[in-house]
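Below, chain A partners chain B and then partners chain C, in two separate complexes.
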Partner chain A sequence: MSTDARLDTSKVARTNGSTPATASKPNRAGSLANWADERLGLGTAMKKNLRKVFPDHWSFMLGEIALWSFVVLLLTGVFLTLWYNPSMGHITYEGSYDQLRGVGMSEAMASTLHLSFDVRGGLLMRQMHHWAAMIFIASMLVHLLRVYFTGAHRKPRELNWVIGCLLLLLGTLEGFTGYSLPDDLLSGTGIRAADGFLKATPVAGSYMSFFLFGGEFPGESVIPRLYIVHVLLIPGLLLGLIAAHMMLLVYHKHTQWPGPGRTEQNVVGFPMLPVYAAKAGGFFFIVFGVVAIMGGLLTINPVWKFGPYDPTKVTAGSQPDWYMGWPDGLLRIMPGWESVIFGYTISWNVMVPILIVPPLMLVILMLLPFIEGWITGDKREHHLLQRPRNAPTRTAVMVALMTFYGLAWAAGGNDIIAIKLESDINNITYFMRVAIFLGPLLAFWITRRWCISLQRHDNETLLHGYETGIIMRDPQGGYSERHAPIDGRRAYTLTARDRDHVLTAGEDTDEAGVAKPNSRTERVRAKLSAWAFGHNVQKPTAAELEAAHHHESHEAELQSGLDHPAEGRAMDDHQLRTVDEAPLRER
Partner chain B sequence: MRLLNRTAGRLSRHRRGPLAGLVVLLLGLLLTGGLYTALSPAQAETQASETEQVAEGKKLFLASCAFCHGKNGEGIATVREGYQVGPSLVGVGAAAVHFQVDTGRMPMANSAQQAPKKPVVFNDEEIAALAAYVASLGPGPAIPDEQDYSIEGLSEEEREEAIARGGQIFLTNCTACHNFNGAGGALPRGGYAPSLDGVEPVHIYEAMLTGPQQMPNFSNGNLGPEEKRDVIAYLESLKAAPEYGGFALGGLGPVSEGLFAWIVGIGGLVVAAVWIASHTTRSTRSKADAS
Partner chain C sequence: MSDEHMSPHDPDAPESTPSAGALVARDGGHAAAHHADPIADPGLGEHTWRPTDVDPKAEKRAERQVAAMFALSMVCVLLFLVAYFTLDVGDDWTTFAGLGASTLALGVTLGMALLLIGLGIIHWARKLMADVEMTEMRHPAASPEEDRAGTIAALNAGLDESGIGRRPLVRNTLLGSVAFLGLPAVVLLRDLGPLPGDKLAHTIWEKGMRVVRDVVGTPIKVTDMEIGDLVNAAPEAMFPSEENGYPELHGAEEQAEKAKGAVIVVRMEPENIIPVEGREDWSIDGIICYSKICTHVGCPISLYERTTHHVLCPCHQSTFDLADGAKVVFGPAARPLPQLPLSVDDEGYLVAQDDFYEPIGASYWEREKESRQP
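Showing the complex of A and B:
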């Protein structure tokens, strides 16, 4: 890093102070900026925030995909509102799509067809809007996985995690309402399903359904209502929560990977201006471009083929968009259980997969950082990330949840799987009914053992060096691989993690023999702590590293051919050592 | 003229030859046969050949179909009630035979939930013979003519109306199994509604008429001949129309859309993120200038 000292820093601000720099020589741009600053006072805020440092890693940009696809959604959505007519009034279609001319439909559907066929660029905008929605929710999910796998949800970011979960929920609802608006066959089938879900709620079900539809399904109110929810209510909430999410991001500062020079107190990276402004700005155009290419080339929701909604019609391949696929899958594999209590039917077959499990999963998701914080008893702030392998139980919990999600998701496409893989749809259902319980357990066990093995591998690398790929043969004919020590930076990064601390329960009684108030909770916590962290492999101690390095340098000395030719594994034994080196092994 | 005379003279030299009678006889027969073929009324021909066809069909039937359907097409039951090796063919009509055999579904290669479409085993004549034989077992629907399922004869306006009407009939009666795009769908226990892509109009008409395999039977009572024609007109119009939105992604609905959103959308954007993050700050200034 000797070049750093010689870098020209004259163009870089000299301090992190809050007063903006003023131009030494007056020029036009400077005086304009000064004029504005004297009236708006933005200089101070800009000085601080334009120099804000962000660390560089690809996985930190996943949330950005969500942000930028949301911007694309706003832009294309505004275009669509200019022509879309949220009305269930009945008219006869007379537009330019031949196959539906003369067919009766709602004005919502007719205006969607008008947008698709008679408005220049309308179909492109519709398809871009839909693809951007799919990508928006998908990117929130991958962003969530990145945050959790790297431990970025720990203190102080628990509340931002909760906000993120709410964004995921709202994004899903926003997607569902948007899916319902064209009033085509898929929309109507989806709304009918939602009506069924509402009605499956005990006691209040039919009241809720009548309230939503303004009477019996389908009525004439649902589309105008969903429209206002879709263009005003949820986008407003989304914008507010996104703002809160980003403000907390700025307040907490970005997390970073551990490495030389990176601590819990600093952020190492590049400043907002010019580096991240260019990178993030450029990424917006890439997201916009990918969405535009998809919107231009790939058909999504061809409403003209579905035709207008009519309760007497349905089509094979009626699925919700992907993000609602997993509750749909649970619904598909749920046995048809119902029970009758006091003459009222309780539809477990709908309640369990739709009204109980998905809200429960969302609550579990939101509680994850709090549960972890309670088990570890860790009240410190964490700004350095953890590698997934260094939190085996946490990683395994998320992989188990992902497995549950993935299996339910696949079950939602059981008919497509059946025809494309030429299998029996009933057998897929039977398989899923078992796999949905066993799969996550198996995934948990495999992932945890896998992480622990990787931890062990890291320790091997630290203590014995990396595998050079040089195979050596000793005089006896045995083969061994030569290991070489890793460099200091890598060793620092590998050891830059905390030791896990397994909590132990204290005595049940205090010194006076009186029962302690929280002894039972403490015992539970100690058990959970032992279960979660007891199996982890801890990093080697300084003494162990010292010993290993001593051994390594000795080995290198021998291999350099002072006395003997290098003989690989043979050097692990005492045969090459002199008498005074003998205690090495015991050290 | 001289040449002609000479030729005639040469021919007439053979008029008393040993083979002359035979040659004249053969010529006479050829002429009579040719004229008969050309001029005889069509009715007489079919009458004559139908009996032959049925006989021919029966031969083919005994060789290829009787194993499952019985020697007289009466069907073969299994010990389990309601289950058959092959159903009775009495009254299924020529249309059913033409559909099953002309799409290669019959003869089945092995017993299965459903007979898949496969290369056709018989040629057109043999199929006609088989159809004639099965039709002779009992009255049933005949093979439709082209005018039954074509809208060629209609005016432009009538055609458009037929197509729009056909689309609504299709969405009401067919898409529940065959999907909105005719891409096919799954049925219980390994059954499936096949894709309608590349299926001949005559076969679609026959399928509606006879209800093959797991398909319900749309008799002329519940879906009139014109309505069947309209459904076919709609499907043909979809084939003729461009894919307005771009690649149709298999026309399978939201499942394939989700797959593309994840693979192309998120996959592509993650690659872009990796690319952006791997390029750190760059300056055109060389290191020498900086020092």
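Showing the complex of A and C:
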């Protein structure tokens, strides 16, 4: 512009009166960000978070699968609501599926058939919705295992663990309400069992049943009520909890595996923008795509084959969705105990497997980090993950819980197992009744031993190197394998863990150095601590490493001077040491 | 873990904060119990460059691969549209491997479109975006000491000014009144359903009502039943007609009566039946009738084994011996199936002597109180 060079008008136009509104001329993204910041003021928060660092490891993807499958559920679920009709009103089906044409059924079932056969993409969306539900719950479970096995539930993340457990509970309930909606024979069977569970509740059982069903089972209210729970109530709660889960994740920053340069004070990885955002965003499309392909290729819940619900009918091999399988299994192996006290019936056979054990398991699950925190007495924050072997008792506890879950789940298919193994269902049930108690104990014991021997193996590797696979033969014909020292970075990673600290009673003192008063609980705690950590193998000390390496280089030196290979044990000092000086196993 | 005291701080850290020091200070007590690591932290290693970082050809190739995936995704969307508008749903729902051609084609094309976008983005991130690892310092989860003190002071000041501590009367009545609001919240739910009353104790069965086949509604003649037969049956009132004069049932009421009234009728050798005291005249020539609803949690029972006279519930495998008062021989159910007392009307058809004497189906708290004595 050929204006008067002495008059700088640009400043005037860009000032809002007190401060300059814009500094230099920004690029397009920048100017958009400016526009938003002047209204929302998010700049400060974004400055920290846009380049927030996320560590990378395949196992961190499990939670992402859960998150993205939830998004897929929201999208496909909204599609389904456009045709699904949550009504138990009775009509005669007149749609495309000829085997059921002319059959009476509820409007819910008829609209599900309409979705499946007369809406283009409707069956695809139904099947995607159901597959996504399975993936959602399965990935939450596996994610939970990952978190626990690696110690990511420790301070400061205990509350996020609790939120995760609630998500698992809500996801399961959401799944149950979901597969009840089509009102086919299978889902009706599930609802009737739920009615039986309600009725088994002491005192209020029959009232709860009448209130849920709006009268006697099956009534005309339960599907509309489950529907609103399914599309509004639980998704709302899930959304809120997932948001809290994510916010805490960002606040705590992600845990990371120990390794060179990775400490409790830092987090090493890729910045949120661009790499992490791209990988996570790309992963959303992958999860979505896989669900779509599954929905297109794999039939799930073919309600037209089951037919509409009829309270006098049942299909053989009735089974709930897999994630409800373990309480169902407990229900199957529970002996038929019922007591009548003062004329009132208490149905232990339903209460124990449904109303008592599953809620109890959930509470135990939620308390795990707090129990562990109490036993260790550890008040520090933990951001470095642990390998499962380095927490043998914890790993064994979870494997025991998994064994319980797995056995209960298998018991839920005792009829199928009986057919497959051509065995008597009674025997399988008796076996399960015992196994459900012994299995977890055995699993605990084996896992703990296993972890401890893996720890010992790590120490071997650190002290004497790894097994090269080179076999040496001595003149007497004895064989030994040559060991070579491991790479320094790997050695560091192996040693990057805490030494376990076994508490002794009275050790825990307050600030003034006075022993804490409730010494009885302290003694219990000391016992538990010894039981939980006393057997663990600790990493070698610097001195032990030094000695081992010195010994090895010495051996190499000796051998290099010889014109024949050293005899097997001739060069080491085993014959010079007693067991007391060098115990074969630690403690 | 790598000991708190000796962790090397990456000099290139984008952001290094003094508050990391606070973490060390606050848990110094516990950390003192730990020994130094046997091996010093070698620190982050050298960055290795990818071929795409150093070779412009590799870079160009990666760029083209990413773009190709995005382009293929668009092709899949076009194929999706073609499938949507050309393939029928409805009649041809098993065209391909038991699946509708439409569902299959839509699923695969949509899935591939999504998958290709995802793979493209990830390929882009892995090959072309900077892959230099960055280090960021953590902060303790707790707020800084002075913030905490300030917040507590503010909280106390606020509480103090409200006087909530000094005026227990106000505080307690407030708490009481808010707690009382729970009552409307609960009471408002009262109309979710009627009270059970004695509904669970009764079914539609009554003296003289015929036992009819459950789908077709035809009555059952004593002479029609062979030894070893099992018939799924229903109360005649479920099939109202002008002839039998039962009133029409609708909707919820019909479903509820159907759910409670279902029975199974079996015929066995009369001498095989182990008589139950007080029920000697409840069966006719070895024809005996039980509720079909499992006493466990209420599934309809289905599988009958004629040689043993056992019926099995498919839900949790409770097994009942119909020859022995339908008592539980296996499984989680606790009680025998309730028996319906039978007799024969003038025309030779099976009828009920009465309703069940006890509630059918799953147990509930007041069940025993609602049973009658024959």
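General remarks:
Criterion: the second predicted complex is superposed on the first by the 503 of 587 C-alpha atoms of A that agree within 3 Å, B and C clash if a C-alpha of one lies under 4 Å from a C-alpha of the other, contacts with A are read in each partner's own complex, and residues count from 1 in each chain.
Everything that follows uses one rule, which is that a residue touches a chain if its C-beta (ideal position, glycine included) is under 8 Å from a C-beta of that chain, and two chains touch if they have at least 3 such contacts.
Please read these numbers as outputs of a predicted model, since none were measured by experiment.
In the superposition on chain A, no contact is made by A:I228 with either chain B or chain C.
By the touch criterion defined above, A:A193 lies against chain C but remains apart from chain B after alignment on the C-alpha atoms of chain A. Contacts of A:V275 after superposition: both chain B and chain C are touched.
In the superposition on chain A, A:L438 makes contact with neither chain B nor chain C. Contact with chain B, but none with chain C, is seen for A:S423 once the two complexes are overlaid on the shared chain.
In the overlay built on the shared chain, the residue A:L32 is in contact with neither chain B nor chain C. When the two complexes are overlaid on their common chain A, residue A:Q99 makes contact with chain B while staying clear of chain C. Residue contacts after overlaying the shared chain place A:K313 against chain B and chain C alike. In the superposed pair of complexes, A:L185 makes contact with chain B only, with no contact to chain C.
For chain A, the partner with contacts to more residues, out of chain B and chain C, is C.
In the superposition on chain A, chain A positions 116-117, 123, 127, 270, 275, 279, 282-283, 286-287, 290-291, 294, 296-297, 299, 310, 312-318, 414-415, 425-426 are in contact with chain B in one complex as well as with chain C in the other. Residues of chain A that touch chain B in their complex: 3, 6-8, 56-62, 64-65, 98-103, 116-117, 123, 127, 131, 134-135, 138-139, 142, 185-186, 270, 275, 279, 282-283, 286-287, 290-291, 294, 296-302, 304-307, 310, 312-322, 325, 412-416, 418-419, 423-427. Of all the residues in chain C, the ones that touch chain A in their complex are 1-2, 4, 7-10, 13-14, 20, 23-24, 27, 30-31, 33-45, 84, 89-91, 93, 98-100, 102-108, 110-122, 124-126, 129-131, 133-138, 140-141, 189, 192-196, 199-200, 214, 232, 234, 251-252, 255-256, 258-260, 262, 292, 296-300, 302-303, 314-318, 328, 330-335, 361-369. Those residues of chain B lying in contact with chain A across their complex are 113, 160-161, 163-164, 167-168, 171-172, 175-181, 183-190, 192-193, 234, 237-238, 241, 243-249, 251-258, 260-262, 264-266, 268-270, 272-274, 276-278, 280-281, 287, 290-291.
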